[in-house]
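What follows is a group of structures, each given as structure tokens.
Same chain, two partners: subunit A is paired with subunit B first, then with subunit C.
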Partner chain A sequence: MVSNAVRAQVAAKWQDSFARLNRSEPGISGLMAFSDAWTLATEFLKPCDLNDLKSRRQYDMRRVRMAFDTINKCRRLPVMMEVFLEDLHKSQHLIAREVESHMNLYSGNSDPEIVRALIFRLVEWYNAWKPPAELGQTIISAYTLAFQTHLFSILPASFAKGIKSLVAATLLGTVSQSSDQRDSALWLAFDTLSLIERYETLITSVGYEYVESHVHETCAGAWSEPMLPKLRSWMLEKIVPWMIWPFARGATNAEEAKTMMQGVGSRFDFHMHKRLCDLRTKEIFDIIVDFPDSVPALHDLKECLQRVDQRAELVQSLRRANRKRLLHPGADTKDILLQYVSTIKCLRIVDPPGVLLFKVADPIRRYLRERPDTIRCIVASLVGDGESGDSLIDDNEPIHPLQQPEAENYADPEWTPEPVDAGPDFRANKTSDIISTLVSIYDSKDLFIKELQVLLAQRLLALKDGNLDRERRNVEILKIRFGEPALQVCEVMLRDMTDSRRIDQHVQSQKPSVMHPTIISRHFWPALEASDMVMPGQFHDLQEQYAKEFSAFKPDKVIRWHPHLGRIQLELELDDRTVEADVPPLEAAFIELFSEKDTWTVDELIERVGTVTRSAALKALGTWVDMRLLKEDSENVFRLLSVAEDVTEVAPPKLGMTSLRIYLLCSRYVIPAVGGEDLPPVISVQQQQAEQMRVYWKFIEGMLTNLGPLGLDRIQAMLKLARGYDRTIEQLGSFMEAAKREGLVTVKDGLWKLGK
Partner chain B sequence: MKVHVKHWSAVAQWRWNTGNNNDAAADDEGDVCGICRIPYEGCCPACKMPGDDCPLIWGQCSHVFHMHCLLKWLGTPASKQQCPMDRRPWVTAERKVNNNVGNAAC
Partner chain C sequence: MDQITSSLAPSRNAVKSTATGSSGDGPGSVTKRLSNELMTLLMSSSPGISAFPKNDSNLFEWAGTIEGAPGTIYGGLAFRISISFPSNYPYSAPTIKFETPCYHPNVDINGGAICLDILQDKWSAVYSVQTVLLSLQSLLGEPNNASPLNPDAANLWGNPEAFKVQLMKHYRPLDGSA
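Our next item is the complex of A and B:
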């Protein structure tokens, strides 16, 4: 049962509502007027179908406005809005249809123009359904919100792609300055539909991608000029005008636009730097190869790195490239050194404190340390071995003494702490020059000094014209670098050369001789290969004569020959011809023997000259066979050709039996000759070490025999008792490994014992 | 066939003729100075250049030293002018020039 109170309340409400709608008009005329106004207004607002123009009615705007007024007076506007939004909702299918048809078309041909048309169409719909402005901002924004919410809910995923290509098209248009008015209208349409807010990241990414492709197009491989200034002005001229549309719309003056663009502008700027930095990081190895032509690119990179923190990436990329392209067995040591030196120079430009360099250089240095010929290469370039044009050292670089790593001087007012990303072993070597850096690959410079001596000895002994100026100059330069005491030995070697010259002059004045020996001070020259060769015939006489003259000149001294070293110029007088030859001693010795009798077997020959290896003997004979003075009649039996044999018979085109044999013979000799001919007469440092180790092998052998199986450290401890033993345990270890390979020892559980 | 030698650039090394180095030909180590323990063909600790700049001195007692080493030794009061090897009074030997030169060149 409805109580009276309720009844009264309802009545009061009714009265109240009626009064509001009727607005104290007589009777219900107010109510009627409201009803008319309501019908008209809702009819007017009801979203219509743009495609169905016939259904559109023309409204008298004055009446419509009055109707709104009436409704407003009755405070029924919120209700009307609800009804309107409800209608809007019901009409959404019209837009959905439109979007669907456009997008279907777009997915068919991917033409951004279709998206453009769609957007304009959507704006048309939006404007058509938009309530008149006099209804107030609230209604309009509520409408906009409802419209957009629905619109976004029906846009398919492919729309984003469409927008992207459309935006890209506008960007291209702006850049090529062929932009038409439609673009500006388009951006307005974007704004109307709030598409910019919704797709801001997308629009930005279009910009980013464009910048990226431009950087790649213009800068890849272009290292010989600075690209950053060009890129900056390009951004300013091309990208910024485009960016104004999405990011600074509504700016009334340049100042305002600038403020609005600040954030996005610096993002773009960063992006450009990052792209260039990425590109250069990827190219860094080739940039270094191209140094010094690529200096501008390095300056660009330096500037980029200050903006973009990609130092770690740079280090990684370079290390990776080095590992892949440089530090493998196929690369020449000289090339590695060259690249290392270029790397030093390049990274000093990019990063003056040297942190990057330190990180990159470490693997290279470690690798170089493992290469057997690194020292030789460095030393060769130290003395300016001018074979190849690209010497490691810059001739303009002043010669400094080698720098030792020095303790930090904190009292120095210029002192700066180490860079933040420096590793724990980082050593700042700001001032050190290239050579110091190269030498510091090895822990001690003694190795260099030794190698230098070997190299100098080889060069001095190979000297033909007797001009020592060059070597003397080199030694002087090296003295500055390594210090006087280290090169004392080289001094002695040079003095031996001049002394030999003087002695020779004296000896020649006493008794002319064809011999012009170099008399060296042993202990001051690197160990020469030992040889028990004996020169036969007239050579022996010559040696004795000279030795006698020498001892007459220097009564306290005698000389001992190294018969296998040096060169001899010969003139061979045969029955029908004379042959001149410039040959090593062994060759000379053999041909001398052939003057005794015409036919020799290899074994007989070897017996006469003392101990030479069979391969060396065959090689020496091969030299004469090549010169057509000897002929191998049967296996290992050689005959002197006193009368030249028919040349045509030997010529390759008519490969008769003899020529074939000679041909084969030669090739047989040439192959070992590859190693033999160029083999330095001086034993290399490595060989010397092996030689010394042979001595210690005796000790080790004794130890293992007497004491049974021993551990490596025990062997090392006992060897230390031996005089002059200076090997590290690692060196001993590798020596023992080598011995194991030869089957001399076996190892089990870390204990070494003699093999069977 | 006749072989004429026109030019021979050979390599040799010099040794001090200490009288017993003909037998020592095989022994490649060579002898050392009894005072500084450096080979005769090296130079004494005070010198830098070997050979004529740092000659040897022969004693009648048949001991041979670097001249500089021996003079320094004789200069100390403790030496009593004796040979450091056998403590006989030091007498420098007269050198016989050209002894066994013929055998030296092996």
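Our next item is the complex of A and C:
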């Protein structure tokens, strides 16, 4: 059914093909020659087994070349290449076998040298099968592509690991400057097999990891010297030479290499900064603890932060560390303050505008505000309290007045906008004065002034030698900080101290007494712990005598004793011994009572001295028991040991306390002195607040009595009549609730009235 | 620094005005005196007497409560009074009236006006709300029958039973809402 036309066409094609292959040679000799050439060429190109070298025939390269030439002339090269690639495909199992055996070995002992051997071997295969260069670039690249495609398809996953360890080995080799020769061959082999392109990320990561471990090794904990310059020169000396192999191969001169490595080089540089930054971020808490020894590390961190945007991480990390290590009940307030001050100083180095500081400081400040003894600690450090936080303040730092937060001065040519990451409530803290920062933890400085007065009162009352110079100096310093008016009360307190000495001198000159009271003006001193203790026996007589002399000297003044504050020196003469003691008044009162009779129960004793708590009484008695003057015969019954206990003879009932030398501190309104360690003689601010609340309660009582039931907001408004009332309505609400629980008031329909 | 001194300035003036208070005038010093008196009264907690400003903006109008002293005929009864201070207090006496009807020889049963010498011609600046209230409390138990505002009550005083009946007829217990 084939038509003539088709037949003619096939004939024409046939003729055409024949003519091409025969190349107008006579007869079919051309065709024969082509056939020979084809056979030879395909045979030559056919991939052989490197392990079976005997089967490899030697070819006459001239004939081979002629055969290629013949094929080329017949334009059969593409076909030949297809045949060659087909053969290649068939022989690929040889390579697969090779790879498999090497990788098996490698997974056995993980020696990168095996991978190195495999790579060299693969290069051998590649070179052995490579068509001769005469066939042109197209064929060679087609071959290369086919070879690599196949190679990559059979490489197992563990090969990546192998490459990695091998590259790491070369890196170590480069760094230690050994085995350079072998490595350069290896990099060439990598290049030949295009492994560099394929594993570029892997190679880079090897570099990164190496940099990272180096940073960790050399920089961790090393804060006392700047590490960045060292790291930079290390990169230049060690890492860059290695980087030339994978990233700047084929560069002919240094300039070219530099351009080729620009991208990857800056990535490495960034990586180094980032690693250092991460490290320092992790260590930041300890760096701050180490301040000021760690200043170089802070400068490093500052530089890193400019390169790497990790400010948020730094804040997070520091806040986390603070929460975990600082802001918990186990930390001493003094330590928290110290760390806070160091944080301020450190973060000022890292970030002069203070945004980081603001973010980090906020939780610390909030926490400090909740601690009851914060003010006391700050105040103690303000006056440079001997044993406590002198270090909070640098003595060399000039003393400035407290700075008020000031509005931004936009007319200032130096003005700069707030940094980008500053929050809306950010306040630039331009002052460098630590104390101002500490004082600003609280909203008002009045609290400080009050606490200062309390502290000063305590210190003045605790003075034994009467040397006021130190306190005077402190007050002068504080005047500079807080301004003169704020410290007027403190001035009065100091004056009271000198005045009372003068008054005492006068009284003594009229009638010598063993008592030396401190006379203080009640209105200017913080409220002192109240007590209605009565001194018995000769102490009482002494007080009376002194009071008489005093009122003769100052008739317009009335003395109100605070006998529980003070210190008494006693000499106790017993039957067989004399004991000297320097004791608080309660102790003295008790021993005085023992001169009346020598056995007392605790309750009898307490009754005689007025109101003291049982625990205080027992503590006082304990002092004498410890000194072997008293003995607890049965529970709560104490007996005087007028003869030391180890003497068997029963003690005679007579007490020989004939001479009692007393040194007693007392005062017009107050006799201040050191109280027991567990009872501060001066009421703390907190107690004062409770006292204030008592005043407010009187007001509430008054208004509810006279105005009938009132709503909470009305009560709040009326309380404005009470001077100094500054509670919020919420505070008032909880106060009223508390009063309700105690049955003082009832509430109905939101109206409060007094309970019956 | 300016802030500190300026915040201090008023208190300095205030101190001055109390120091010169005997000759000083103006509502400032009266207010100060009244709030001092309030403080003293509340903190002294004298039994049976109490007073408080009617609202927080006007210190010149107070409400007070007087309980009859135990053992007198008025014992156990509480009376609401109103106290109105003149602007030149304490140079003039406050005006005091019983709000609760009080059957008493020296008290007007209708208007609540009180006849007490220290509230009229015997007034002195050394008296205070507290002393006035204490005087009123004792007046309840010891009336001055020589100058009665309520002659019936004065006549009845000698007869405690009948007096008590009249007293209770007029008395209205405090309901707790002024």
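Everything below uses one rule, namely that the second predicted complex is superposed on the first by the 660 of 756 C-alpha atoms of A that agree within 3 Å, B and C clash if a C-alpha of one lies under 4 Å from a C-alpha of the other, contacts with A are read in each partner's own complex, and residues count from 1 in each chain.
Definition applied: a residue touches a chain if its C-beta (ideal position, glycine included) is under 8 Å from a C-beta of that chain, and two chains touch if they have at least 3 such contacts.
It should be emphasised that the depicted structure is a prediction, and the values quoted were computed from it without experimental measurement.
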{"item": "Which superposed partner A:753 touches (first subunit B, second subunit C, both, neither)", "value": "second"}
{"item": "Contacts of A:721 with subunit B and subunit C, given as first, second, both or neither", "value": "second"}
{"item": "Contacts of A:494 with subunit B and subunit C, given as first, second, both or neither", "value": "neither"}
{"item": "Subunit B versus subunit C as contact partner of A:695, first or second or both or neither", "value": "second"}
{"item": "Touched partner set for A:544, first subunit B, second subunit C, both or neither", "value": "first"}
{"item": "First, second, both or neither for A:708, with subunit B first and subunit C second", "value": "second"}
{"item": "Touch count on subunit A, higher of subunit B and subunit C", "value": "B"}
{"item": "Contacts of A:486 with subunit B and subunit C, given as first, second, both or neither", "value": "second"}
{"item": "Where subunit A meets both subunit C and subunit B, residue numbers", "value": "none"}
{"item": "Sites on subunit A touched by subunit B in the complex", "value": "461, 464, 488, 491-492, 495, 499, 514-525, 528, 530, 537-539, 542-544, 546-548, 550-552, 554-563, 565-575, 580, 585, 588, 591-592, 594-595, 640, 642, 681"}
{"item": "Interface residues, subunit B side, partner subunit A - complex", "value": "1-17, 21, 25, 28, 30, 39, 41-42, 48-52, 55-56, 95, 97-98, 101-102, 104-106"}
{"item": "List of subunit A residues in touch with subunit C within their complex", "value": "401, 404, 483, 485-486, 695, 698-699, 701-703, 705-709, 717-718, 720-723, 753"}
{"item": "Residue numbers on subunit C that touch subunit A, as the complex places them", "value": "1, 3-5, 8, 35, 38-39, 41-43, 45, 50-56, 59, 62-65, 80, 175-178"}
